[in-house]
Structures are given as structure tokens and as C-alpha cells.
Amino acid sequence: MTPWLDCSPAALLLSLEVAGVVLVLFLVAGIALGYALSQPIPFRNLLDALVSLPLVFPPIAIGFFLLMLFGRHGVIGDPLHQYLDWDLVFSFPALVMAAFIAGLPLVVKPIQSAIEGSARELIEVSYTLGKGRLETLFLVVIPVVRRHIAAGLTLGVGRSFGEVGMTLMLGGNILGSTETLSLAIYNQVLDGNFACATRLSILLGALSLGLFLLLRRLGRL
Amino acid sequence: MTPWLDCSPAALLLSLEVAGVVLVLFLVAGIALGYALSQPIPFRNLLDALVSLPLVFPPIAIGFFLLMLFGRHGVIGDPLHQYLDWDLVFSFPALVMAAFIAGLPLVVKPIQSAIEGSARELIEVSYTLGKGRLETLFLVVIPVVRRHIAAGLTLGVGRSFGEVGMTLMLGGNILGSTETLSLAIYNQVLDGNFACATRLSILLGALSLGLFLLLRRLGRL
Amino acid sequence: MPCLDADLEFRRAAFRLAARIRVPETGITALVGPSGCGKTTLLRLLAGLERPMSGCIRHGERVWFDQGQRIDLPPRHRRAGLMFQDYALFPHLSVARNVAYGQPHGDGEGEVRVWLDRLQLQTFAERRPHALSGGQKQRVALARALASRPEVLLLDEPFSAVDLGLRQSLRLLFQEVVAERALPTVLVTHDLDDVRHLADRVGVLIAGELRQFGPTSEVFSHPLDVEVAQVLGWDNRLPVSGCEGGWARGDWGRLRLNGSCSSGFPEHIAIRPHGPSLTDGTGLSVEIARVTDMGGYRVLLCRLPDRTALRIHLPSDQHPPALGVQTRLRVPDDCIVPLPAPALGAAIPASAFT
Amino acid sequence: MPCLDADLEFRRAAFRLAARIRVPETGITALVGPSGCGKTTLLRLLAGLERPMSGCIRHGERVWFDQGQRIDLPPRHRRAGLMFQDYALFPHLSVARNVAYGQPHGDGEGEVRVWLDRLQLQTFAERRPHALSGGQKQRVALARALASRPEVLLLDEPFSAVDLGLRQSLRLLFQEVVAERALPTVLVTHDLDDVRHLADRVGVLIAGELRQFGPTSEVFSHPLDVEVAQVLGWDNRLPVSGCEGGWARGDWGRLRLNGSCSSGFPEHIAIRPHGPSLTDGTGLSVEIARVTDMGGYRVLLCRLPDRTALRIHLPSDQHPPALGVQTRLRVPDDCIVPLPAPALGAAIPASAFT
């Protein structure tokens, strides 16, 4: 019987790396967007719609459009390749992009609705007490909605482990390079290696279960 | 140039069929579960956790566990095959199951929170006015939370179009048989047929955009 | 005649409610208390929307709840007409269909029309609740509760969403309608005017405990302890730090009590606003902080030496003093109500319920 | 002395608010009106949390908002001490840090301590807001607003979450503190006792329109129209259907007005509760519906022939009539206040603001 870590060890590491990077991105973008979308800023509705889109839009279709955009012959991918010699698709940044886009609405929405709800009056009080937007963000908003931030981050990171559609398209499911934990399970099943698929599923399941319990502890699920 | 419908016509039809069937299932199960979970029933927490699980749990892992359960040698699949000569996996019912499990929390959660919120007192009033649970469900709950029901159904059906992970596992991505619209895009890209992939993506995108606009109209996104 | 009797205990987290109450069929029984005291919970327990830990609830001979006998009638079989604070009208139904909702099956439109007429709602019958004012909503909720032929009536803050200048006429209408039906009626409120102008009996609930229960005028004029006095709007509460030869004293000065204080003294005394008068002779030293003309009388807000506020009502024919003036206040001893410390856990004597 | 002057218009969906108001630096200016009349919106406009469609807001020489000059100071530069109805204390900060929050940078703890002392909050300084009672929260919110050295003070229902028996002393403390600072102060409330016992001026806002503005006692005793009267708690409003030879009549009976009615008659009349008396002679025919002893006087609830309720205050020394008795009520003509129909859109004369 093969030891546990013999089953696609790179995939586990890769999934953890992706999760780590998107966690940092979510922390910054989630709070910034959640705060911005709760304020009367210009183009608010458009921004809101863009962030929310992946909630309904199929990931495969999003992935395909991004592939067309960032591929070697795409509008953005072409100059990137020509002038910077950098290919986004089928690489680690592509995996991060997929996880980020898929998870972003799950991070932003709880933060946004918490700010619009319980924090709205507190923000207004802070303004009348002479504080600006940035001071208010750090002194009031973040401490008050910290549980919602934690819940959003957990949901977002959980999604990053499970994302398949966009990852297939942008990452390409290349063994040892862009094979995430979820894809590794699929690949092992295709190879008929059910023992490994079972172990990887248990591993992934345990990770997700941990996040799930954390979420219920935070009272957000 | 190939006409639009020459690109995997069966896939479009299949996705619409799956969507139609899960819509009916969501309507019944979503309202029943949403109502039940908002009441003090036994094992409420367990049921709630089970329904919510797919929000964080990776679809590939869920799909794999279901495959083990319902496969020809699984605990449930084996007797089904032996006595009823029925194989669930790699068939239409498997696609429906995948879409149903993935979308269920998106249907149940908005209904549940609407009932717990605005409808709670109305339900109690209905009881004190001499009505039972079933009467209250049809006379009060459903009419009052109908917008939330519509929003939940839209989210759930949208998810059924986009589901990939569980569908890959349970459906098997068999051309002409279990190839959904999302998978067809992936298959066309693998075949290098970008023209068809683009058309299918636009088709899928248009469907989803319709649902998305419906949701914003319902004020739920 | 069937009374509503309850003797029950309820707990949720740190909150504990224990109350024994008898609600006769005639007149209105009010429940007052600070927010969070358990008033609304008690109503919900009676209606069957919450479940007591122990005790029993009986309506006449019929047992609604009995922990010992394992009886717990669901709300729909108790038929308690419960009116929620925000009225909880069905937003998707017209006024007429809201009122008809609780009617036993097979009844025609006749009775609905009677109730709409009785509560002056005919013109709104086809409107949806969102198009009604606070006072109209309140009447719809009352009509709905009464049209369901309830056996008791339970009302949570029925006038809180009604504009001030309309309350008087709504109270009178309400009182008339309730009197016609002769139901045990419990009215939960934080508005003392509701109690004074509607209730025949009042119970004071503090921290889940029924501290005082009795006829309205008696409870208002003789609160049993300092916390009950506060709930009933007795603003003039003075802490007593000592007592010698019948004189109670504190940082605010000293006052002669009715009787000696050889056998101990009350923790606080309260001073009735009607009765005390300004004097050049001996009395409490006060500074006039504000004078308000109320039409038939004047309200004087005085400040005692320890800066406690004292509110005194003077007849309009007495000349009002100037603001800021230092003067003296004569307090007749029948204007002084001794207020002992709250006796926690002391049961209200059974005689209060008969 | 710098007044707060505002003359502005605001619209949102079907709601329109148009008000012109001058708030002097001394005393307290109250705003009353039915729920939804725009009281809170007006405060938010003054504080800069909402933006008027047109008009201007000035504090002394300083322009806060001017549509013409395109000036719109953000809230943090207006320094209006705004107290929200539910106090909006920062839940993650201690009482002391809540109070210190609005202090200009560089200030030591000194001033925070002064305010904690002044509002009797020393013992709670390290507590979190959730562990405070309603009255304590209110004092923290007031301390926080004052410690930020505001130029005006705007208060939204400051006493609504405070237990009844504590309001009197909090009102007095509040009045003292405000008087020390001499700031333009606007108090929005639905509690007429707040107005009577605190405010020097009162504005009545109905459906976004400032209908009456003036000294408190004058506005209370002479409401300009029937809707203002209703807001100010005048329960006794009778519709007038005709008038002959100085007698106004309606389904309720007839009453002699002070003066003839040859040049038209008021839509309603109001009757002061103090003054009318029961009589065996001529007068309004009434049925006694309820008698409530208020200590110094009795409240009589009478029913007129058309079932309208009338509330009369009788001195305690008069013998109270029995319930249900049919009797007559003598109403002296100085107890009758004519109430014309509301004159919508009529501007309040400029003299009211000087």
C-alpha cells in the first residue's frame, strides 16, 4: 500500500500555495471592495455587478473568456508574451486568478452587507466626530465587522480548494504544474487509481470540514 | 462556418433538461427544507449542516464520495444494479443529482432566512388565529417569501448550468449522453475547436446573464 | 366566570421568569416593567408560542399547559387573540381578508363586516396593510384578533405605534369593544397612561419577577418597593442614609416621617408631586430649576443640595417662583411614601389574586 | 452669538421636506411631529449626512452648505455633535475610549475624565457598551458628543431608551450640561414631556413642512391648526359642521364661541381639559366613561352623543360622578380653541425666527 503522501504530493502543496496567496488578496480586496460598495461611490452598481457575476455565471464560460483574453493570442496575453515574455495561462498565477475571481463575491458580499447593516450608523457617528474615511475604516469598520471578514475569508478560501471549472480552463490541468488537489482526485479516478483518489478526497474533505466548522463557529452558515 | 446549432446540440438540450428537472425539485425541496429549517424540529442542526455542506465542501470530493456510494460496486449502487438493473452513475439522473446537491443550499438558505426574518411573527400570528402548520405554509409563508423563493430558484438553476466538478465525477462527461453545456465548452477547447467553444460560451453566458438580471431585478444580488 | 390562571417558570440562558397571575374575565389587566423584564415573554408563554419549564396555565376548567400532566396545547387550540407590538398584519392580504383570516371555517362575510364596521374600517377594507396609518393598522389587528373568536385577549404595546393625539379615542374604542366581549384581557405596555386610563388591575414585572399586583389606583399610589416606584414613574425617590426621632435624612436634607423609625427605616422615600408647597418657614432647601405651565397646574423642577431633581406640582393660582431662586419646600408627611428595598423572591400573597 | 440657520429643501421618492429654521445659541430647540414627518431627516441634513436639493445652512458666519455657491462641508468639518436614537456607541471600545474617540488629536486624557465625571460615568469607564443600561448608554453618547467639542448639538430621541422613572433626573442633568456649553441645540422627540420640560422653543413638523415654530408654552397653548393640535396631544378635537349666532355645532352638540362666526368658522375646535366642569344646567350632553385619579386631579373620560371621547381634568376636591352617568358639561369659552384647516404651503412669517 502506498503511503499517503505518494498520491500527487505536488497537488496538495499547490492547492495550499494557491489558498495562501488568495487569502492575502481576499483580505485586501475583500475589505476594500466591501467598504467601497457600501458607500455611495460612482459606478457602484457596475462594480457590484462585476464582483457578483461569478455567483451565477458558469465558471467554464468565465474561464473560456479569460483564456481568450490572456491566451498567447489574446488581447492582453499577446503583448504580455511579446514584450514581457510572460504567459499567464497554464501557470501558477492563472490558478490564483481562477480562485480569486470565483471566491471574491463570497468574501465581498458578507462584508458589504455587514457594513451596510450594523456598521452604517457607527460610520456616520465617526464622521460627525471629525474622522475621515480611512480613519473610520481602521478605527471602526474593520473592528466591528471582523467576524464577517473572517467568515468571508473562510468561504473564499474554501471555494479556492473546490474550484474546478475556471481552473481547468486557465490552468490546463498539467500534472505536477497546474494540477490542484481537486483536479488530482479527478485525474486519479480517470487513471483508475481509486485508493489514491480516496485518500486525496479525505484530505481535501478534512481541510474543507475544518473551514466548515470554523464558519459555523462564526455563526455565519 | 458551421451554423450555431452544429456545435454540440445535444449538450444544450441536456443542460436545459437538467435545469427543468432540478427547478421542479428545488421548488418542492427548497420550500419544504427552508420552512422546516426555520422551525424548531429535531435534528435541525444536522439537517442544516448537511444542506449547507456543498457551500464549502469541494464538489469533486462530494462527487467522488457519491461515485463510491452509487457506483456499480458501491453500497447503494450495487443492489440498485443487481435487483433493479439500474445504474445511476454516468446517466441523466446522475447529472440531476449533481446539479441538485450543488444548488440546494443556494435555494434553501434565502428561503430559510426570509422565513426566520420577516415571516416569523406572521407565522406565529397564523397559529394563534387557529391555523396549523400546513395551512400557514400555503396561506402565509409562500405568499410572503415568494420573492425569496424566486431568487433562490434562480440561483439554484444558474448553478446547475455551471456545475462542473460533481458532474464530471458522477456524469462522466460522455459525449452525446452526459455532456452538459459547460462540459461541451471544455471538450471543444480540448479539441482545439475555439469557434464552437466561443459560440457555446456566448450561449451559456446569455442564459446566465438572463438569470443574473432576473436576480438583480428581484433585489437579491 | 372562567379566569385565565397561570403559575409558571421559564428560563432562557441567564434570564429567568417566574410568575403567578390570575386574569379575571372582566376589565383589563395590565403588565408593566422595564424593557427586558419579561412582559412580552409572559404573553408568548400564555399564547403557547414559548414553552414554560414548569407550572401550569388554565383557562377556566380547561388546562392549556401542565408540566405534571404533560399537557401542552398548541397555540391554535388555545385560541388566544394575540396582538403583536408591530401588529404583524399579513402584507399580502387586504384588510378584509386579514380580518377574515382567523374566522372558523364556514362563516360568511357577515361577521367580518360587523367587525370592520365596529372598528371603523369599512373604507379601508380593500387596502393592503402598507397603505394604512399606525392607528388604522392597530384597529385591523384588533379586528382580526376579535373576529377569530378568541377565549382570551393578549395585547403587546397596542398603542405604541399610534400618534399621540389619537390614543385617547382609540383607547376608548378599545375599552368599549373589550367590555362587550368580556374576555380575560392582558395588556403589556410601557406607557403608564395606557395603564391608568385602561387597566383595572396592574402587575409590575421586574427582572422576570411579578413584584406587585393589584387594583390600578392602589398599585400607583402605594408602590411596594423602590424599583416598583421607579417603573411606575415616581421620579422623586430619595435615598435614606439614617433616621432619628422620626426624621429621615440623606445628602438631600431631612424629612419628618409619619411615625417613629425606632424599628428600622426604609431604604428610600418617595415624595408625591401633589401636596408639597413652597414656604418661607422650615422645609427642604431647594433651588428652582424649571417651571412648566401644564394648563391646570405648574410643574416645578427643583434641585436639592445634593443636586437630585425633585418634581413638584403646584396649583396654577399660586404665584410661580423665579428660576434659580433658593427657597424651601414644605412636604406634608402624607406626601411621603416609604420605599423598602426590594424583597427578592418574596411571593405575592395569594389574597392578591382573589 | 452664532445661530444655526437653515433654509433647505430635500426630496426622496415621494417624500419632500422643506424647512426654514433658526436655532439660537441659548436654550434648547425641540422638533416634534408624527413618525415619518422628516424630523430625523432634518437632523441628518444639518449634520451633513444627507444632502439637500437646494437651500443653505449657516452656522454664524460660516457656510456649511450653499447650493448656489456649491459649498457642502462634509460631516467631519461641520462638527455637529449628533446623538443617534439608539446611541450608536462603538461596541468594540470601552466607555472611556468611546468618549475619547472624537477628541481632537493631541489632547490628553484630562478632558475625557472631566466628561466622565460630569456625566457620572467614572465607575463604568472600562466597561463595554453592551454591559450598560439604557440611561448609562445615553450619558456615554452625550459625553462622546460633547467631548468632541461640537459647534452645535443635534439629538434624536435622546430619552426614548431610558426607563421612565429615570428620565426626570437625566433631563435635568442634560439641561445643566447643555446650558454650560451654550451651543445651538436641536432636540428631536416624540415625547411631549421632553418638549415641555426641556425645550425653550418648539417646531412642529408635519409631512415635511414646518407648520408652527415658537416659544414652547405659546405653541402648546395655541396650536395653529388641527393637525398641529393633534401632534401636541390635544385629544379633544371636535369637527364643526356649522355656526350660527356664535354657536358652533356638530354631531357632538353645540358650543358658544368667543365672538361671532359671521365671517366663517373654524374646521375644528379643541377643548382644554382644565376648565370645563360638570353642571346640572345647560351644556354639552356627556356620558361618564372612566374616572382616573391622578393624585392632584382627576381625569374624566366622557363620551359625547356622537361617541367622540372628551378628556376633562377635574380638581380632586370636586366629587367624582359615577360611571355611565348621563350629565352635562359646562365649557367656558376661554377653554375653546378654534382650529382652522391646515394652510398647506403657507410660510411661517419671518418674525417667528427673530
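For clarity, chains are labelled A, B, C and D in written order, and residue numbers in each chain start from 1.
Everything that follows uses one rule, which is that a residue touches a chain if its C-beta (ideal position, glycine included) is under 8 Å from a C-beta of that chain, and two chains touch if they have at least 3 such contacts.
Computed from a predicted structure; not experimentally measured.
Peer 1: Both subunit A and subunit B are touched by which chains?
Peer 2: Neighbours common to subunit A and subunit B are absent.
Peer 1: Any chains in contact with both subunit B and subunit D?
Peer 2: A, C
Peer 1: At what distance in angstrom does the C-alpha mean of subunit C lie from that of subunit B?
Peer 2: 52
Peer 1: How many angstrom lie between the CA centroids of subunit A and subunit C, rounded to a whole number?
Peer 2: 55
Peer 1: Just give me the whole-number Å value for how far the CA centre of subunit C lies from that of subunit D.
Peer 2: From the centre of subunit C to the centre of subunit D is 24 Å.
Peer 1: Chain adjacency by touch: line, ring, star, complete or other shape?
Peer 2: Its topology is that of a ring.
Peer 1: Where do chains touch, given as pairs?
Peer 2: A-B, A-D, B-C, C-D
Peer 1: Tell me, which parts of subunit A touch subunit B in their complex?
Peer 2: Interface residues on subunit A, with respect to subunit B: 49, 52-53, 55-61, 64-65, 67-68, 154-155, 158-159, 161-162, 164-165, 168-169, 181-183, 185-186, 189, 194, 197-198, 201, 204-205, 208-209, 211-212, 215-216, 221.
Peer 1: So in the complex, the part of subunit C that touches subunit B is made up of which residues?
Peer 2: Contacts found on subunit C: 47-49, 74-76, 78-82, 84, 86, 88, 90-92, 101-102, 104, 144-145, 148.
Peer 1: Given the complex with subunit C, which residues does subunit B contribute to the contact?
Peer 2: 121-122, 124-132, 139-140, 143-144
Peer 1: Going by the contact rule set out above, which residues of subunit C touch subunit D in the complex?
Peer 2: Checking each residue of subunit C against subunit D gives 34-35, 134, 161, 163-169, 171-172, 175, 190, 192, 196-197, 217, 221, 229-235, 237, 272-275, 289-290, 292-297, 299, 301, 303, 308-309, 311, 313, 316.
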